[in-house]
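First chain written, first letter: the chains are A, B and C, and each begins at residue 1.
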Amino acid sequence: MSYTKNLAELGLVLPPVASPAGAYVPAVRSGNYVYTAGQLPIIDGELAATGKLGAEITAEQGKELTARCALNALAALDDVAGLDNVVRIVKVVGFIASAPGFTAQPAVLNGASELLGAVFGENGRHARSAVGVSELPLGSPVEVELIAEVR
Amino acid sequence: MSYTKNLAELGLVLPPVASPAGAYVPAVRSGNYVYTAGQLPIIDGELAATGKLGAEITAEQGKELTARCALNALAALDDVAGLDNVVRIVKVVGFIASAPGFTAQPAVLNGASELLGAVFGENGRHARSAVGVSELPLGSPVEVELIAEVR
Amino acid sequence: MSYTKNLAELGLVLPPVASPAGAYVPAVRSGNYVYTAGQLPIIDGELAATGKLGAEITAEQGKELTARCALNALAALDDVAGLDNVVRIVKVVGFIASAPGFTAQPAVLNGASELLGAVFGENGRHARSAVGVSELPLGSPVEVELIAEVR
């Protein structure tokens, strides 16, 4: 199966790998695993939005933002291991900048999870943690990291 | 050693695996590792409590809730790899919904850690991070994920 | 290459492994990986500071504190696998206790990342997530965990 082809058929294009916001790298391959850095919803070098879920950002907008984080994660993964070498997506953690009382983090993170499902099918089904946090780098509404098994 | 037997001797019963709150699965096996999703303190399909540590929820209640998360994690682990195939519990991360000024996250997460110690003995001794966060899915007071090595 | 020697040339000394704040261990080796517990900026058995970034703690102070967390993580790693057996640092997660509006978590976590780069060179380049949280154990301003590949 060609995941690269799936991606194209979904109308998605891997963006350039986002520059790290600090002294680290976008992804590391170690053995048969790739760990990505926490990905922000960066488009063309800039954050697509700032603010918090439950305040400036709606859950629906947040879902699109986590999908973008996932796409950026796939770009980082592709860069170190090649998208078509993915065996499966193992784990996703999503940090959701949340205004007081906002508890729909799972719905927001579904943006990332559904994109991974669309690209990798059964092999995109991952374990996941969704967490609401108070502040994220640069004011980002969301941040998503993943672990993938690769061949 | 039979961990299933230990569990029974402790008077504990693995619950049905909790339905994911989003587009993911409760646990993934990859090679010799199992990653669980972030587990909420769900009993019979419902959150056992909502609220924050240091406000609606006491540290002692929180400890019981993280123990429940750990039990739910073991159910998810058992489902994909079998409890008796555990080599050791490697890592636990606990997210504790914390009211301002609440800093006893470690004591709260001990509920999960002590249950894992009781079930797996030396092989239940894990590395761990306890973190206080502002909001958790569905208003849950706690969320716990783990990584286990399995044979 | 001797990382122990690098450390000495940097004027750094591995501290005694900090006692866990709960029912867990400072680091676990599983296969070719070491997972450390979340490390606090403990010096001589006491937190070097308490408070939040953007309030009581400046970004520059925070950077020194995450460097200390990284040093404590290396002590825990050394204890279970030996520093000179590190193949590479794979992943770092930094939780930064953040006052409302503080979004420079990446700059703060650079303290840890730069120390790892100084000690391990190219092999210290890791994937990383920086997250702002509301409260950390014992009132700590920062908490850092890492995963290392070892031989």
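Observations on the model:
To be clear about the criterion, a residue touches a chain if its C-beta (ideal position, glycine included) is under 8 Å from a C-beta of that chain, and two chains touch if they have at least 3 such contacts.
Quantities reported herein were computed from a predicted structural model and do not represent experimental measurements.
Judged by the touch criterion defined above, the protein chains are all mutually in contact, each touching every other.
To overlay subunit A on subunit C by their CA atoms, one rotates by 120 degrees, a value rounded to a multiple of 5. Because subunit A and subunit B carry the same sequence, their contact can be compared by residue number, and under half of the numbers here are used by both. Averaging C-alpha coordinates per chain places the centre of subunit A 24 Å away from that of subunit B.
Among the residues of subunit A, those touching two or more other chains are numbered 133-134. On subunit A, the positions that touch subunit C within their shared complex are 20-28, 30-31, 35-38, 93, 95, 97, 133-140, 143, 145. The part of subunit C that touches subunit A in the complex is made up of residues 32-33, 87-88, 90-92, 98, 100-107, 109-110, 113-114, 117, 125-134, 147, 149.
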